[in-house]
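Some structures are shown below for you to check.
Shared chain: chain A. Partners: chain B in the first complex, chain C in the second.
Moving on, here comes the complex of A and B:
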């Protein structure tokens, strides 16, 4: 058990209390589950016909699978471009040019301060109306995600550069590297490696935010789910299944992130 | 519509955004604190329940949480208007981030200090109020501020679920006034930005107020 340092090891009275609390909580939990199951059953929500399509209906699975591919594709593309733009922004800020730093700081502040959905709506409504330009829903989602996440990643990389020992920069400059070369060959590669866990976690945020795509007509997993729920008239079941899919993907990504983090500390030590 | 009328409409819609944000700050902080307590108490089924809840909800897109609340709760007998549904969905989601922040805060207190306090004979209550909570509070303020800023931005998703807050009203205004598209968007973005910065400044203020001067 974690947190044991917060408590004395329980004596007979404490043990009795813990046992009682355990029993009470298990009882409460069972009651809640029983109530929910009873209500759902009474409303016919547990009928096999509402759940089985997710196992047996190949057309439905293919339909949802296409959505999943779109979600993963848009999220991956957004991650790559956010990473590239984020690093460029972090480098730009670290170069020490005052006007450039100010502009980048403003970009970061603005895009971290407004909702991603607002970015999507700007592109979705604004670009066709103002620029008389057609823009695909896929691009709307990817660009909106890149605008927000590049700002976040720029800050992550900046923090990574700041966390490096200052001797790295001094030594590099003493060896005759220019300010830009120092960043390119010495600081950024180390900072990015240091920040890999944070960057992978950012991927989870991107995957979750890509679900907003359904609002601007992008046919990713959530949009497909909405469609399927309408046709099968089983919204609750559909969103539970889709929720499980998202959780499974994100836990997998988190797991990979932990694995990378552990592997890194092992080789370092 | 004239642009000043539009400004007024959008501005009024931000009152809905703000009340949704403030209500959710209160409820999600309360629920997050309860989750943290459930995580810390040495009652293992309770810990497991809290862990599963936090893991599942944190990894689910907020839109899916909204869908589950909107379609799930009526099935178990809870039918509410759009606004309370949005409040509930935002609370269930934000509370998991609050709980992780609070838990990290409690864990940030050095084990040696807690053991020393216990060795000195401090009661559980004294331990909590004079050692753990004051220290945890300091380390918790900056990440908590980020949670609340994220919440403010997340309220925009309620616009897709029938709540006429700022983002929803912005879309309405853009569709009705094609002459002012850029102005309406800039106005909305500027107010969101100002509110985000405002929450950030409040967080800094609180941080400075409770900072320990050694």
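Moving on, here comes the complex of A and C:
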């Protein structure tokens, strides 16, 4: 990673400009932070009593921890099934049968277009009515996330396959592999590797979107925080704390996948 | 002439044994008539070099023989069987016809040895250890045994192309198509690839080679086909072709490249 910039290395005048812009940007940022802190303090929002429970109140931490586990569990399950279904859909589309492609394209367009929140409501209201089945809030959230994210991942993997040099497919066919075997052994493994950054972004979106589950009574991190905030009467502090938790989780996810991706590309030269 | 025609060959004794035959093959890209009434028979064990200006249809001709490109008219017969247009029969035929590409096309997510063993293992059910032993022997014969566990990106162009030849050989094909195998190589690496191809030819492999390497054509080929504007204009022994080309088009081409 020697040359990471897309442009010419800046000359002396460019460097001065960059330094000045950086200084201005940092100054503005500091001013905004200072103003926010000052206003919060003026309104008594920085009082230790409002923040200390997040360190000392074991019951509260346990309560929020349960929510965090639910968030991680639903997101991970949704990720696995979205990935599997997304790859199946992308493969189905790449096989080139017209009717199958059309059906998959329709699926992608519909479920990529519907807000996840609406998906959850449809499932929550519709499944008991149509199938006469009781469906748990957890299942509603996971299925709604899978419907949306499998559609997005199908497109990501399809783009990855399209981005591969056409010679990879020719070489595989020339050896005697079928179209399906070519996708399975040659194209999809490379496309998924190529698309790891996009797939990581999608996992982060899944984690964040799981918070929408509160609408169907799913007790994940955000819903738990809402409950806790009502009892402690410190909603702002609670939401700031769980906001930080979300960012921390997503940083961790990004780091782990970077590490995996780097290991892969290092061994692949 | 002590040229290529008289080079003794092993592995074939019946010269009327036709390996690849094209009969009246035509192909269009839209309005562009890329192959015009191609008639061609390649005997088992023969090495046929195809040359001609760019856009003359030589690569397309090469790619029709294992149906990477379809044809619009005529028929192609390989080892006595008409080239099937789809399905298992086509795949089995392709497995029997090796192909080496200009841009190597090694599978970039697999090591060299995995590139070579994948098809025998998945398509022929060869056991892992057996496939590995065969692959190592092939790598040894193309001179890159020490590169077995590297990824394609870690190899030089010449090494990649030799690995690609080993990959084609792993399926024990009866004929190998070479589509400009040295055109993407740095000049100093052309020799090592041609050397491997020459060795293959001496072992009696049936080969169709699209190339501009006229030294290779002179030394190794049994026949040289000269193509221009989708037609086979000349089909001669190398010595005849290089010493007394029959057509103005061939003369003009040779004067440009020699």
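What we mean here is this: the second predicted complex is superposed on the first by the 213 of 269 C-alpha atoms of A that agree within 3 Å, B and C clash if a C-alpha of one lies under 4 Å from a C-alpha of the other, contacts with A are read in each partner's own complex, and residues count from 1 in each chain.
One rule holds for everything that comes next: a residue touches a chain if its C-beta (ideal position, glycine included) is under 8 Å from a C-beta of that chain, and two chains touch if they have at least 3 such contacts.
Because the structure is a prediction, the values reported are computed rather than measured.
Colleague: Does the superposition put A:118 against chain B (first), chain C (second), both, or neither?
Modeller: A:118 contacts chain B only, not chain C.
Colleague: With the two complexes superposed on chain A, say which partner A:190 touches: chain B (first), chain C (second), both, or neither.
Modeller: second
Colleague: So, A:208: does it touch chain B (first), chain C (second), both, or neither?
Modeller: First partner only.
Colleague: Give the label of whichever partner, chain B or chain C, reaches more residues of chain A.
Modeller: Of chain B and chain C, B contacts more residues of chain A.
Colleague: State whether A:35 touches chain B only (first), chain C only (second), both chains, or neither.
Modeller: first
Colleague: What is the contact status of A:174 with respect to chain B (first) and chain C (second): first, second, both, or neither?
Modeller: Once the two structures are laid over each other on A, A:174 reaches chain C alone.
Colleague: Write out the stretch or stretches of chain C touching chain A in their complex.
Modeller: 66, 68, 91-92, 94-99, 101, 103-109, 118-119, 122-123, 150-154, 164, 167-168, 171
Colleague: List the residues on chain B that touch chain A in their complex, please.
Modeller: The touching residues are 39-47, 49, 55-56, 59-64, 67-68, 71-72, 75-77, 106-107, 111, 114-115, 118, 124, 127, 132, 149, 153-154, 156-157, 159-160, 167, 170-171, 174-175, 178, 181-182, 185, 188-189, 192-193, 196-197.
Colleague: Could you list, by residue number, the parts of chain A that touch chain B in their complex?
Modeller: Listed in rising order, the residues of chain A that touch chain B are 1, 3-8, 10, 18, 21-22, 25-26, 29, 35-36, 39-40, 43, 45, 109-110, 112-118, 121-122, 125-126, 129-130, 204, 207-212, 214-215, 222, 225-226, 229, 235-236, 239-240, 242-243, 246-247, 250-251, 254.
Colleague: So in the complex, the part of chain A that touches chain C is made up of which residues?
Modeller: Residues 165, 167-168, 170-178, 181, 185-186, 189-190, 193, 267-269 of chain A touch chain C in their complex.
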